[in-house]
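Let me give you the structure first, and then I'll get to my questions.
Labels run A, B, C and D following the written order; every chain starts at residue 1.
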């Protein structure tokens, strides 16, 4: 299936649906300022979820809508919509994002040697299951070049040592910036990013850690899990921050294991749940279902 | 823990939160007519979910809100709210329901001999985990009287035969009506209700069937499952209708089984998932999270 | 259903089935020394599982069998069987246990104020779902006395303070010893046992911790989970040892949660998975499916 | 990773482990005839599971063992082992299979147009996660040729119509026989096989059906599931037989869905669980963990 026809299939099911997401400090009227505006603009709401977090005193909303003008042959003027909404919401200290229906989020994927998460993401990309466009694959190892290249993707081999870390990260950043990536997926990239890099990528980089955080942070979590004798292993997809394996969690997956599984068996068993958990997190992110809320997330599931 | 203190605990976490649910045919402005009204009434929305079903062309919305007057020592006039909203929404052919925070839904539970679902519901009721008030337990057998009575509940033993079915159902109906029950829970009541009774209880009676419907309808589903050699068994909570085991599904649960399980083992294993699935369905219903949508349901999960 | 009839029901499905469990250091012939002996004794094996752990270099076996003599009206002489097998296995440094079919394991349950796990265990006990006989319920609080007493059980209220801990634990131990309990179930007993008590109860006491260990050890794990923003909470049933929340894990359960769940909601949601996980662990233990293997366990699932 | 190095990795963890599987009618001594023989042959048993099915009166056993001679530099004479065991077990009407450690099961995969299951199997094959060697991919459509060919596999495009079905199936059979395939994987092959073909492939062909059988047999199960409004969808891996979607079930997987999922969403959501369920069934089969038992299966899980 060509990428184009796959994307068309996505469109067919959610044809012409825009997404408006917004957040602001809690106060009276937050929902109304959004929904009344949509009504006045002739926007037809198909799904909406909002949540007001009493702990952080912040408000979050996600709306899927179809501009009715378009159904009647007109055109939806996104710039005008944004300008008008900015004006309308000015008293609410609100940030918002408007996402068009055919929008493919530009993405960079970073990997090391393990290929399972990359392979899984590339399959979903190739078949149009994820509304992303992969701009580049970056690795500190050459191993996965042929996999990336079979999918017609640029593969940047940027080796790293303790000494060359600043330069390597600068090169990585140049690629990310140069291609306009809005999301970086750390698909089993086995390097700790510098504080500086974490800062730059805040809220824009998703990592998959191969344990149920906060259990088994750091290196070789399956070997830690084996030693501890747990009966469940798992994976955690989270935004990175400067505190290793402590960033805001998006989603987690779990798999039962037994006494007969060696540490290597756990590694093998974990691959599927890592792939699924990372892919689910990416899908939630690009569908604008995830909001940062301090060190936690708000996730509006379908 | 006394029932009263338990209910207080519920209040503490969702203190003063009202629920407004509504549905109507799809058209422009459905969300706005609800949210603008709430804004004008000074109602603070804490959670909201809406869904417009393109298949049935119907719109569904559920809103949790706190009337701000109350926070400031005033009183929320529900009758006035309802009257004003009825007027406001008059052009939308909308039905709605307003549920106060301390509302305990009056319930009748029907059982036969198996006690696991009843025991589970009574525990949740006794500890205030479900916002219900049980008005009566009805059974076609005397076996579970002492369990009901330990919880201080009226137990009505109404035996049934093919000949006495109309009279028995009339007696059942008198109890339901007499105590003002708004929900009937068929917690393993092993009798098929008449068409007439199904009609009366439409949208107001939840049954637990001990299989993953539509698999294994009818009698002895675990024995059917054993014969078939399935590797998963499950339970389905659904609203009853006149088509046996075909009513709109609310939620389903599942449990892995093995070749070493006899049919009796499946019966035993299934008990937990039946209890959990039924309790989850009842909780979703009384929290006003479930909407009938033809032969399907819309369920707004937390 | 009376307890007696319920136990009969258990018998009917696994009628006359004995269990032989054994373990010893790894060496050639470990399976054969068990199975050849059973063959010679005319014992019909219905299920068998063995595992040789290359990490700990220990061997574990569990066998369900029916003595054929009994089927033909004779009697199975367990003492003679044990004596003969002791002799036969003498070269293997093997420990073993022979469990008769109608064996109810004598149990003491310890609780504090939370009643959900106790309520669940008592229901399973009352309906014969667990082959145990509860000898006593011990608590450091008076709250759950009526629940225990409705089930006809002795309830020992033994308050504890830092000063009285040695005396209280001595009183607890006297009860355990006095009633011949072979298993102590810590069903949300919120006290840390002394090293001495842990030693005495080694391999004989199952605790339920309300988190997915090793995540969220210690106090208020759901509040820790809320702070961390995890998307899954869970429960861990484990044998106690002198290292708090670090004992060998028997089984773990998990439940999805969302951003809309408060810490109190997590407490409420966790109850079901705690009950199920503890009950599963107790069932595995009394069915002789769990073996200690250093700080890990071998668990032969059905 | 090259296929060779990957297979080496598998070997490393279960190095030199043979598998003996056997089954026969129930009678006294079935376990002993296997385990005593292994002891006499100097075979070191690392894992063993046996089950005697009282319903079908058949016995099943699976043993993993290491020939100790080999550890000491000798050679394991499989032919001599088989001859001697055949003799030994002659009174038991026993069938058995001896599987060497480095054994890769020759496999043919059949597909139509959907590529997700094929893609998943090819990834596991390429990375050595499944001990199989793929001899050919057969399809009634040309679409997936390039995917197969990138993996260096022969792709046979054999179109089919009602008229050409016998010839097409003959061509399929020639390929299967010609390459010595021992397992045929129907990875979303959307054709019903003839009785004759089912007969030939009995116990040797695994199909994935995209529903929780026996629910939603036949065509378009996700669309059936959508109509019915179920809250769980699933997949079933089963051996084919002449009764469509009724063959013995190996394993089943499940996934939660919501009211907001269209039929097309269900199709998309189901892909992952189809891949996982089929891969798990293939792994269980090639590890000799599955036994046919009439219309049911015995599956010894790790």
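Everything below uses one rule, namely that contacts are C-beta pairs under 8 Å (C-beta built on N, C-alpha and C of every residue); 3 or more make two chains touch, one makes a residue touch a chain.
Chains and their UniProt names: A, B, C, D = Formyltetrahydrofolate deformylase.
Remember, it's a predicted structure, so these values are computed and weren't measured experimentally.
Asker: Touching both chain A and chain B, which chains are there?
Answerer: A chain counts here if it touches both chain A and chain B, which gives C, D.
Asker: Quick one: superpose chain B on chain C by CA and send over the rotation angle as a multiple of 5°.
Answerer: Superposing chain B on chain C takes a rotation of 180 degrees, nearest 5.
Asker: Which chain's C-alpha centroid is most distant from that of chain D?
Answerer: Taking each chain's C-alpha mean as its centre, the farthest from chain D is B.
Asker: Name the chain pair with more contacting C-beta pairs, choosing from B-D and C-D.
Answerer: B-D
Asker: Indicate the whole-number Å distance between the mean C-alpha point of chain C and the mean C-alpha point of chain D.
Answerer: So the centroids are 36 Å from each other.
Asker: How many angstrom lie between the CA centroids of chain B and chain D, rounded to a whole number?
Answerer: 42
Asker: Any chance you could list the residues of chain D touching two or more other chains?
Answerer: 47, 51, 258, 260, 262, 301
Asker: How would one label the connectivity among the chains shown: line, ring, star, complete, or other?
Answerer: complete
Asker: For chain B, which residues count as touching chain A in their complex?
Answerer: Residues 28-32, 35-36, 38-39, 42, 44-52, 54, 68, 301 of chain B touch chain A in their complex.
Asker: Write out the stretch or stretches of chain C touching chain A in their complex.
Answerer: Within the complex, chain C contacts chain A at residues 51, 53, 55, 212-216, 228-232, 234, 248-252, 254, 258-260, 262, 293, 295-299, 301.
Asker: Any idea which chain A residues touch chain D in the complex?
Answerer: Those residues of chain A that touch chain D are 1, 9, 12-13, 47, 115-116, 119, 123, 127, 129, 143, 150, 258, 260-262, 264-265, 268, 271-272, 276, 301-302.
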